[in-house]
Each structure stands twice: as structure tokens, then as C-alpha cells.
Amino acid sequence: MTISLAGTPLTVGPDASLAIQSHFDTTRRFSLALVEPLALEDYGVQPMPDASPPKWHLAHTTWFFETFLLQPYAPAYQAFAPQYEYLFNSYYNGVGAQFPREQRGNLSRPTVHEVLRYRQHVDAAMTQLLAQVAAGQLGEHAGDITERTVLGVHHEQQHQELLLTDLKYNLGHNPLYPTYREPLSPVAVTTPNVSLANFVEYQGGQITVGATHASGGFCFDNETPRHDQLLRDYALSDQLVSNGDYLSFVQAGGYQRSELWLASAWSTLNNQAWQAPLYWVQQDGTWFEYHLDGLAPLDLQAPVCHLSFYEADAYARYAQARLPTEFEWEHAASEQAVQGNFADSSIINAPIGSGAQVATGALKPLPPSTTQQPLQSLYGDLWEWTMSSYAPYPGYKPLPGTLGEYNGKFMSEQVVLRGGSCFSSANHIRSSYRNFFYPPDRWQMSGLRLARDL
Amino acid sequence: MTISLAGTPLTVGPDASLAIQSHFDTTRRFSLALVEPLALEDYGVQPMPDASPPKWHLAHTTWFFETFLLQPYAPAYQAFAPQYEYLFNSYYNGVGAQFPREQRGNLSRPTVHEVLRYRQHVDAAMTQLLAQVAAGQLGEHAGDITERTVLGVHHEQQHQELLLTDLKYNLGHNPLYPTYREPLSPVAVTTPNVSLANFVEYQGGQITVGATHASGGFCFDNETPRHDQLLRDYALSDQLVSNGDYLSFVQAGGYQRSELWLASAWSTLNNQAWQAPLYWVQQDGTWFEYHLDGLAPLDLQAPVCHLSFYEADAYARYAQARLPTEFEWEHAASEQAVQGNFADSSIINAPIGSGAQVATGALKPLPPSTTQQPLQSLYGDLWEWTMSSYAPYPGYKPLPGTLGEYNGKFMSEQVVLRGGSCFSSANHIRSSYRNFFYPPDRWQMSGLRLARDL
Amino acid sequence: MTISLAGTPLTVGPDASLAIQSHFDTTRRFSLALVEPLALEDYGVQPMPDASPPKWHLAHTTWFFETFLLQPYAPAYQAFAPQYEYLFNSYYNGVGAQFPREQRGNLSRPTVHEVLRYRQHVDAAMTQLLAQVAAGQLGEHAGDITERTVLGVHHEQQHQELLLTDLKYNLGHNPLYPTYREPLSPVAVTTPNVSLANFVEYQGGQITVGATHASGGFCFDNETPRHDQLLRDYALSDQLVSNGDYLSFVQAGGYQRSELWLASAWSTLNNQAWQAPLYWVQQDGTWFEYHLDGLAPLDLQAPVCHLSFYEADAYARYAQARLPTEFEWEHAASEQAVQGNFADSSIINAPIGSGAQVATGALKPLPPSTTQQPLQSLYGDLWEWTMSSYAPYPGYKPLPGTLGEYNGKFMSEQVVLRGGSCFSSANHIRSSYRNFFYPPDRWQMSGLRLARDL
Amino acid sequence: MTISLAGTPLTVGPDASLAIQSHFDTTRRFSLALVEPLALEDYGVQPMPDASPPKWHLAHTTWFFETFLLQPYAPAYQAFAPQYEYLFNSYYNGVGAQFPREQRGNLSRPTVHEVLRYRQHVDAAMTQLLAQVAAGQLGEHAGDITERTVLGVHHEQQHQELLLTDLKYNLGHNPLYPTYREPLSPVAVTTPNVSLANFVEYQGGQITVGATHASGGFCFDNETPRHDQLLRDYALSDQLVSNGDYLSFVQAGGYQRSELWLASAWSTLNNQAWQAPLYWVQQDGTWFEYHLDGLAPLDLQAPVCHLSFYEADAYARYAQARLPTEFEWEHAASEQAVQGNFADSSIINAPIGSGAQVATGALKPLPPSTTQQPLQSLYGDLWEWTMSSYAPYPGYKPLPGTLGEYNGKFMSEQVVLRGGSCFSSANHIRSSYRNFFYPPDRWQMSGLRLARDL
């Protein structure tokens, strides 16, 4: 059996173990880098039920390794604190009861310091476990341990993204609009005019999509099995919809025109009194947008962000276009390399806590640059809503045991997004990656790219 | 242009007009036949927001003809009561504001008598309008009038089914368990044992599904356009899941085993305290089931009914099978004739109100009979949940204007059901017909047929 | 022991029995008179959880006699339908479980006809029971039977008032604004100008309030025991606050000025979007008010009606006055006779169903007439909010057994109203009568009279 | 004009200013002493809408001085941060809009450190302002400044109590049951047996209650004016109801017997699934109770705590007694000195942050000691529910202007409690002090003392 990290297949063995240990270390360290700019008070806040506190993300990702690796495979392992099994279980009924999700923000204890010690405890035990695998001491379990460790690393990458997303929700709803971090020095981009967006045409036919565990690169079970789909000829916009585009929609009364909205969207819009995307703030007639570097005037060239599926769908109808299916997207994306504006675009490997600034990417979507790629902003920047419901692929089998709860049980009423965002790590994303959220959700880094029939 | 009634294509002209008038009359009469057994008190009750009162169904179907036929095309038409435009609009924002759905049961006025007079008023005007079409007096509008009339007839058939469904919800939740109508004389069936269910195998490949307005038979816009789909080899059970099958699931702790349920299903099950299908009632250890002919011991051979998608999905997982896709279902169904246990199976054309009994079908799903058809109970009996989300077909275009709200705006978060039920009329159903409800809905006549990969 | 009907003490015995039978008959007949103008469809509607259907009131008052008189004291009594014990129990936990209050409107069965037969069944049995008492055949139970019958009669009078109140809520919220009954021929009143309202001064000191079971007249347990209260000198307005007065408050921005409202009132006002009293309707800039005789322009001289305690309190603060305490009210009222605008002001004793009109009072509050009484509109017209919380009198003892649930368990969070209304029967009201509702309730016939310290 | 601090009347002037400055300093310092044992993470948590975060209490009490003293009277005062006017306004509509109460726990910024700097800023400005008053530089405003400062000090004492109460709610609902502080060395008490409780008899008659601003000691406006009440002879238990007493009620099925409960209580009990007082925890059949020093086995001799009014009322009915009126309580209490188990019972005046332990009282109710007082545990220990609704005294006038919102607007639907608790400061409590909460509230330090008629 072979597994891989970020695309490079590895045979189980010393080299693979070394690579996994390194991937583990880098990812665990990156979580700490992400919370480096926080005030201690920021770690505990849960501003809405879906937006978990940073402290919880730090603990839950650790719980994952403790529960699925150390408890079953490390014979002498001592749990750091028995109650954490309950406190930091997210949704695995197979493990046991869960502390109520909407109360995660009420847990002032354990403190941040205790959670950091919990991380150290588990990291040390994991390092020992991986060394035992490398030394061939764990026999038949070596494969499982390796696979689950890689899964745990990708799991933590998902939570790093959520940590930023949930933190943004907190800070962006504080009337003081605090910044997470000052803006980086401006990125040099040649900003094309909005009107330069063009549709790129793709030929349909019977194509193959999805991934396979056996093929080398890591993938989640929901990307399997690889299988065929039938596409008609189609076109995709070479750019994401921009703030300027979307502002036209707002100013044209888009949020007041029922004929543009799905029935459930119209009901939600009215109940929630939506007037504009989530982090748009109007002050004295001027539109501002909140990003992690603070509140600033709306950048009309940048992609519009924090749309729900409902808003993306309504905008597409307004634009006399539609959203792509997830297979159209994947077919087009499979021809481009995974490059873009990611969260880990510029990590400085300074020791955590050393005082050196640990930089990350821009942490906000950027205006399209003049690359030679046919589709701009395809990877990174923003998750792109598709029109595809999140459903099992033909022949889909969840992972065995409790880890089967990872993906499969959520395949109902959600919609697929593709491409990763500026909060994702580059080595976490691939063309077959399926993200999924509910149609009204809009606290994610989500935007849209238009599609058309030919 | 040609249209058709229940499959027979008709050219516009005198014969077509005659046929349409007849179809209109029969359908309008059937609505009255359905309410014949009601007490006057039953007409007004709305036992939950989704279950509209019978009186409202009678008025709303009439409003449809008034709004979309008489107002635009009958020049001298006088509205029966101007406020009805508001009171009996269901969800057409293009027509104007709507009386709040959840308060339909509060409208003691207009009375039943006034609603029946409203029906007579509109029926007379429609008859006159259709006569003018037949006489060639309406020129360019003739086609539109004919098409919309046929749509209105099918719309009324949908509401006839809902009327029975909603009425059942009312009577079946009354502690007195009143009957709508005494049971018909027992249907002669040879009841096979439950264990006789077999899987019928179908070959996959590229198949064509859907319907087209131009092809002769009436269809809704959501069945168009006709297009290709790719199927893998699959098998369908030749029977619906029976009460006996489902009872085994209940007794095996099916409602307590989280691993069988989708996450949103498990949450719903616990919030709603589901323990069994909707109309199952346990008294002194014995299971009973309510149907429109009253409360009776559970018939283990009859198909299990009133399942939500969540329950159908969980049962399929328990049975180590899955639900079919809507395309697998349609592919198999396209080979069988539309015959089965329908609401209009035995209409006696007695004059309404004459005292003669106006019989209908059994109004409950029946045990499978020994037919020569490969799939039993395929049409009629019960709507069958598929695993397909309700989505637009590739290239789908809603009807123009306000009638475009008929189907398209509901294509989100719902699931497709196929096949019609014992509450449907036979000439309303076809293999391409797509019904749709939300995953937790279980007051419909909904059951399931298992599918498997080969 | 002596009891009385409407103030006239009676010894138990043949004369008393005759009087009780007559009081019973008159009251039972009046319930039927009140529903005479209804369409059958009006009997079943429950437009909000607190507003029970007329059919339910007819059945529940009957249930009271069956449960508390016939079941315990009439040996051969056969229940009309055993399930009614559950269906028509309001809130007596001592009797058993209750059908959920908010679903009373869903009971299309039993039908109105069946409920009327239930009434006849119970009336016949009660007549027989009272005859046995008169004949001295029931020995030691005679006193209990007599007392409970009188209680049941007063209980039915309370429900007659609620029946009208709840019916008004239904019809007054129907966009068609149907009338219950055409207006009576106009009452001849000399309408004084609004500004003629004056304050009448009363001397304080130690006064006696309340009633006693032993004193002759019937009273509820919550009026007992008679006891002393200490009053300071005070003044009461000789008129109720008028629509004209209240319109000034509305036009002066009363509903937008937080400083006039209690904190919980301000919260309720904003949550419910209150802008004016419940049945005020603004059309094209003109204010209308709905009464049981239909929608008509606001009568500025008539008392303002359908105020919550919150609104009455805010208006009093606006008027630099306050609400009276219930003891100030009773002290002043004890000097005036119980005369006024009541529901039974002009009953014509025509046989029910004979086609003859069974008239009642005006069924709406009337402008003050030029009487010689110091306080106008004191009895009848409108229930008057006081500033007194509904609490037990010193030494209060509830009735023994299940009937102890009648009043005592509601002595929390409610406010006392005094004086009866145009929906009350004259012989049901007295100066010590305590009505009570929650501060936000405004579907009752409730208004206010200002008070001041001297 | 004279005012006083904790009972000692003071003329305005240098001595008064000095005393006020000292009272101000001590109180402000005590707030900091109370948060000394907290982890930084504890400052921000709001575990339910009513339980504000400690950080908010620290800021809001500071806001009070800034808003009502410094802004109007200190000419050169610079606001620390303009947005705090909005963020830390509790409910004063007259000041402006308020940050939503239920979201106080979402404010990770300002940080604790910033709030402490805010306190220092305001403390310095207040010290300067009071010095100007002492120096006679503020002329006509001196009286207002002095009065409002004293009000602000008492306001802060109220919030100190709430800070502890709300903190307890947070820690006591954390599955880890963290302690706020280890138990003090055990207090020497001679614990009498539960059965030693006796009723002390009091003679009724016309008595005088309440306080007056002019009489020397500070009081809130809701204690004024002093006025007469009429009492009947009555008796009060010389002890609070104990845990042992209340356990008997629980074990006798008290929470399952509807006849013991008010109707709204019974509904609340069932909706909330109450089985025992708030902080009682049953583990393996043994009852524990959480106090700020941790979870410990239930002390049967200690007073039962954290009862709602509903529970206190039900227990009294079970015990064939009743709750006292607030006037009975005050009449009896006016004869005893204000001594007891208070929060500031043993302050050590160590500098804040010096590392020395700043001790407080026991912070939990203690078993009664053998004092010579007729009523034990009368002051301190627990707030005692009365049966009196919170209402204005005859002739009550709120403070003028925005400060009139302090008390008056809450006089609806609440119930009066008397006597202070172990979370109160001794110099904050007096016999006329009226506390008030809603009947279902049970997160306060609330218990009960039985009363009886004679």
C-alpha cells in the first residue's frame, strides 16, 4: 500500500515515516503560528453556534490524534485528561457523547495554557509512535497508523481554515473592528478592468472525475471512487465575480427582486434581513469590507466574498448565467496546476514564540493577476459555489468504523464548493477536493465563478 | 403545436377543445367527489403549517384558473371577489402578496358554501372561454389558453392528492380517529410472503431521460429537457419495502442506532422523538396504522408508508442496500405501463350530491399482487424516495412569466420521489414525473424500493 | 348554609332549587343565543393559542357539569363519550391529562352537532339531578350539589365572555372583516365632550374589601376573605380614557418614547411591532376600529379598548396620572349599583332556532351617558386595568380538591382588572369581582380609568 | 441636604468628601479583589443571556461613573474610548442604544488589560472631581455629584454581587467544576439539628415601612416613600429552609406533584426539566452541591440555595406554610442589627496584585449559628423570596432624568427578595432594601424562610 503527502506517493518505510513526521510537525506548528497574533481573550469566543472558538480548534485537532491514533495504537499512552474525550469530541457518536456544540464558548477552562500543554503532550506521544513505526516495531498496525496520521494532518488543515474563518466572524462582528494582523506589504498585481472577464469554452463528453485511495495522492473518502460523468459543452468565466460586479447587482435592487431567488433563499433573505454580503458595512453611504487586516473601503477589483449559495445562485440568474456543476469545475481544473493565493503562501519558519513575525499569506482574496493560466483565481482566493448537491459518488464506501462518520453522514442538503481559499494551505487542495456547506451559510470564504451552456 | 391529455397528442382545434373541456369537467368534478364524505367542520382545519385545509385547496385550484386564464384572456370576466386574489394565492410573488400560509386554517370566511359558489362561477366562465377557443374567436391566444388550461387541470390533480394527504393528517391526529370513508369491499389479492422480494437487474450505459413539451404528452417544465445520463449496472427490488420489513428495523433498534442515520436525520429524529412511521400507533403493545378508512392493526404485507427521506435512507443502509437514483428508477419504469392502485381507480359517475356513493380507489397502499410485471407497485400505491436531489436538468428553462414560479424556484434542498401514489389520479402520472419534498417530510404517501450496485 | 344567585341569598330547599334550575336554564340558553349568528365554519377556529374555538367553549362548559356534578353525584349517569373527559378538560391536572391547548382548533370532530347533543345530554341529566335535590333525595350532598351548580353557572358566564372575545379575535383578523351581527339600532346617548372628564376625590383610611362565601351573594374563592386595607386619599377619573384621548397619545409618538414604558413593555412593543391598540386599522390615513358589528371609523368619544396592561400603564404615565389599585377601585365602586352596558342587556326570550332574532347588548363599549352616577362606565363597557398584581388575599384558602385549581394556581405574574365589560352578563359582576390577565394580553375587552394621588 | 454612607449621615463638606472618596476607593478596590482569583479566560464568558461576563461588570460599573458623573460635571474630561458609551451601557435608553445584552460574551475586545486601564482612567478622574467638590470649586453641582457618586458606589456593589453570581453560573456549569477559590479554613459553628427551627410570632397592626432620601442613610428610590402598611398577626421561622428540609421535599416527589405548584411554575418545571435546585448534582445516587469552593457533598444543615420563586412557593405549600410578605419581613428585620455572613466579611487590605491573598467571606450560605438573635441568617447568607410583587410604593417617584430608569421601569412581573446574601457587602444592605427577580430565576443566591398566619 502506498500513501502520499500532498501528491507525492510514498511506500511505507523509513523515508515515508520521516516525511510524515515532517508533515505532522509543520502542520502542528502552523496551527500555533495562526494563533500567534491573538489576544488571549480571542481564544475562547464563539460568536455563533457554527463558529467554534480558536481554543476549541486547537484542542479538537489534538483530540483527533489522541482518539484515533494514541488510544488504539500506543500501548502505554496516558490520556492527558480523561474529560477531554467528551469536551473535545466534535460529532463522532461512535466515540461517545459530545459536549453541546453551541456551548463551546462557555468553557473558560481548560485555559489556553492547559490546551497548549495538551498539544505538547500529544505531540510528544505521536512523535514516539511514528518513531516506533519507522523502527518497524508496530507490525501489522503500521499501515493504519500511517494512514490515520495523514488523515489527522489533513483534518488539522481543515480546522486551521475554520479557525481563521471563525475568528474573522468574531472580530468582524465586534463594533471595534479589531485587526487580526496588519496588512502585509502590498502585493504587486496588475489589476485588469472588471470588464475583461471572458468565458473559456470546454468540450463535453464522457469524462472521469474523483480520486482513489490507491492512486498515490491523499484524498478524502468523499472523492472516491473515481468514475465517469457525462458533460455537455460548457463555458466558465476566467475570473471570479468581483465586488464591483456584485455591487451593481446590489444597486440594481437585487435583494428586492423575488424573481431572482430560490423560494428558500427568498424566505431566508427576508428573515435575516440580508441587504449585502456578510462583511460589507455601509457607513455614510460608502461601502466598506472587513478582512482580517481590518475594515477598508470596498475593493471593486477583488472577488466578492462571503456569499451564501443562495446569493451566488441569485447573482448568476441576474447575470443570465448559472453556477457550474462540480464536474464541470473539476474537468476544467484538472488542466491547471494548484497555485494561488493560499494561507501558507509565505511562512517564515521562525520558532514559535520567538518574537519573530510568522507571516502567512494575504488572508483575503486578491484581484486577478495577469497570469498565463486560462482560469484565474482557480485555486486559493475563494471557495467557489457549484450547483451540485453534496452526494455520494456511485459506489462510494465510507471509511470503516467510527472514522466513517468523517464525511458520509453529511451528504444531505448541502452544496459542493471547489478550489480552496486564501485560508487554505496549498498542499491541502487538489482538483478533486470537495468542500460542502449549507445553502444559507455565508461565513466561509466563498465566492462564485459563472458558467454557461454553449 | 400539439398538446395532449394523458399521453394522447391533440392538434389545437374543435376535437382538442372538446377533449380539454371534458378533461376539465372530469377533474373539477373529482375534487367535489373527494370532499363528498366530509363533515362541514373538516373543510377548514389546518393541523400543521404544511397541511392546508380542504376548503383552501378547493379555492386555490379555482384561483389558478381565474388568475392565469380568465383574468388575462376572458375580456368581460368579473372577479367573483377581489380579495380572493390575495387570500388564495399560494406562492406566486409575481401575482402579489399572499395571505400567510400558516394561517389558512383561521379563515372561517369565506364559508364552504361561498367557495363552492366561487367554483361554479369560475367553471361557467371557463366553459365559455373554451367554447370561444373552439369557435376560433380568440385567435392568437388559443394556444396559450389551451396549454394553460391543461396545466391548470394537472395543477388541480396535484392539489387533489394534497387534499387527501392533508385531510389524513387532520383525521389521523384526532384522538377519535374518525374515518373519511368506510373501507371498500376487500380487494382480491394473492399476498406473497415478504421474503419473496427479489432484485431485478438492469444494464447501465448512456440512457435518455426526461420529457419534452413538444413530444405530445403533457409534462411539467421540470421534466425537460430530455437529455442523456450515464448509469452503471444496477438492480431494483421488485417490491416496495413492507410494513413487516420495516417493523423488523424498528424492533432491531433502528431508531436508536446513530450509525444508520445521516447527521441531519439523527438530529431531526431526536428533536421530534421519532420512534416509528408517522401513522403507526402502539396500543397495549400492538401496532396499529391509521388510513383514511380508520385505525386498524398493522398489515405486515402492505408497503410501509409515510416515511421521510431520512427514514427511507436509514432503512436502506440497515438493509445493506441504497435508494435508487431518479434516473435508475425512470430507466426501469419506462419499460412498464402506467397501471396500479390510484385514487381514481373506480369512479362512479354519479351526479355529485345525488346521494349515490362516489367511489374512489382503496386510498391506501395494497400488498403486492401477482402480476407479470417485473417491478410490482411501481406506479400508484406510494411515492418512492430516490437518492437524487431535486435539481434542474441540463439546459432547463422555467416557463416564462409568473408561471415560471411553478417549479423552478423550489430546486434546492429537496429530494425527488417517483411513481405516484394511491392518492394520485392515473392519468396524472408518467415515468418521467418528478415529485419532490424535503428530507424530513413524512406526511406524504411516501415509501421506498431498495436498489443495489451490481 | 346559604348561597345566592346574583346577590339574593337563598336557603337550600325547594325555592332555592327552583331558582337554581332557572338560573341554570337561562345561562345555558344564553350560550346558544350567543352562537346563533355564527356560520358553522366559525365554531372551530382557534386563531391564536389563547383564543379557543366557540365549539370548545360550548363543550368545555358542559364538561364542567359532567365532571364536577354528574360523575360524582348522579349515580346512574352515563358519560356521553368517554374521550371528552380528555378532550374538553381545560387545565385541571387533578382530573387527568388535557388535550393540548394550542391544538383545540384542529378538532374537526366531534362536530358542532355532536357537541350540541352533548349539551342536551348533560342538561337533561342536570335537570334530573337538581330535581332530586329539590325532592330531598340526595341527603348530605345537597349542599355540595347546589354550590357546585352555581359555580358551574358562573363558570359558563365566564366562558360566554371568552367565547365572544375569542370569536372577535377570529373575525377581526380575517381580511374580509365579517360581522358577527349587524349593529343594533343606535343607542340614544348624549355625548359629552372629551374634555369633560373630571377627577372624583375619595378619602383614604382603613377600609374593608373582598367578599365571603357565607355572606349570601355568590363569589369566587379569590375574592375571599373579606379583610382590611389601608388607602391614602385618591381621585379617580369619572370617565374611561376615550379613543380620542388615546389617539392623541398615538399621534404624540407614544409608541416611540421609551421613557413612558416599563422595560418588559418596551421589549414586547418592539418585538410585536405595536403601533396602536389591537383592533385599530389604518386605511389611507384614516383610523378604523373593528367591533363585532364590523369595521367602522374610530369613534373618538367611545372608550379605548383592547389595551394591554403595558399600554394602559404607559398612557397613564403620559397623562401624568397612574392606574388605580384594585382596592381604590373597589372602595369607590362599592358605592354604586351594578348597572351598565352588559352583554345580556336586551335578551329576547325567543326559542332558540325559531328564527326570531335573539338580541343581546351593544357588544361594544359606548360613549359615556349623562347619568347621575359619580363614576361613568364603571360596570360593563370595559374591564379596567388596575396596578395591582393578582395575589391571594391575607388568609386566602382555595376550594378543596380539584376545584381548588380554579383560581389559586394562577396567582403569579398577572394583573387584576375590575368592573366587567360589554361581553359580561350583568348578574355575573359585582364590586369585589377580580378578573386577571397577563400584562401583554390585549385581546380582552380591556381599557383604563386614570387615578391620582391627592 | 445630608447623605450618608452605610447609615452614617454626612453633611456635604470636607469630611463628607473624604468619607465618600474613601468609600469609593474601597469599593472600586473590592471589585478588583473579587477578580483576583480568575484565569484571564474567565473574564469573558457569558454562559446564558442573563449572566454577564466579569469583564463586562468591571467595565459597566466604570461606565456608570463616566456617564453620570464625569461627562456632565468634569469639564475637561476626555472619554477613554468613545465606543464604550455604546458597548457598556446596560439598559439606559436615555443614554442611547445598547450593545445587545446576549452578545456581551462575544466581545473579546477590549481586552481585560484595556478594561483595567479604563478603570484607572476613570478612577483618576473621579478622584480629581471629588477633590474639586471638597475644595468647593463646583458650586451648585456639589450636591448632585456627591449623591450620584454614592449611588455609583452602591451600583458597583450590586454588580459585585452579580459578578460572583454570574461567575458561579459559568464555573458551576463547566463539566470540570473548577473552583473560584479554595475553601477558607472552616468557620466554627455549632450546628443545630434541622428540627430545631421554630416560628417566632409577631403582632400585626399599622406599621411603617420604607426609607427616605432625607433621613440620612442612603437608599434607592424604590424604597421610598416611607409609608404605612397594615399587617395581621404572623409568625416567621427562625431559620432558613435547609438542604435537609428541601431534600425531603425532593424525595417526597415534590417535583412531580402538580397540586403544589403554580400553573406557570408547573409549565416552567416541565419545560426546563427541573428535578432539584440549580447547583445540585446527583452522581451515583449521592447529592452534591456546587459552590465557589467546588463540588462537595450536600450539606444538609446549610440553607437551601438557588431556588426560583416557583420552587420556594411550592416548598412553602408543601410545608403547609407560606412565604412572608415583604412588609412582614421588614417589620421583623427592623428589630435586628445588620450582621451576618457577607462577601466582605474578612477583607485583608493587601495591595491588589501584591501576591498576598485578598480574602473574602465564605461565599456560600452557612448553617445557622447559635446567636441570640430571634431570627437567624436574617441578613447575609441568602436573599429570601417574599410573596410580594415588586411594585411602586404609594406616592413613589423615580429619580429625575435618565437615572430614573435605574429601578422604576422594572416594576412589573418581578418578585421582591430581602436580606442580602453571602455575595453582598455588609454596608450595602439594610432592612428596607428591596431586591427583585423574575419568578423562574434561580441563578441568584436565593432561599426562603417560612411564614404562617396566626
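Letters A, B, C and D mark the chains in the order given here, with residues in each chain numbered from 1 onward.
FYI, a residue touches a chain if its C-beta (ideal position, glycine included) is under 8 Å from a C-beta of that chain, and two chains touch if they have at least 3 such contacts.
Not measured: the values here are computed from a predicted model.
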Labels of chains that are neighbours to subunit B and to subunit C: none
Subunit A and subunit C, separation of their C-alpha mean positions in angstrom: 62
Subunit B-subunit D separation of Cα centroids, rounded to whole Å: 62
Centroid distance [mean C-alpha coordinates] between subunit D and subunit C, Å: 41
Junction residues of subunit B - those touching two or more other chains: none
Category of the chain touch graph - line, ring, star, complete, other: ring
Touching pairs among all chains present in the structure: A-B, A-D, B-C, C-D
Subunit D residues within the subunit A interface of the complex: 39-47, 55, 83, 86-87, 99, 103, 105-112, 170-171, 173-176, 178
Complex interface listing, subunit B residues touching subunit A: 91, 93-94, 206, 227-230, 232, 258-259, 261-266, 309-310, 313, 387-389, 391-392, 394-395, 404-405, 409-413, 439, 453
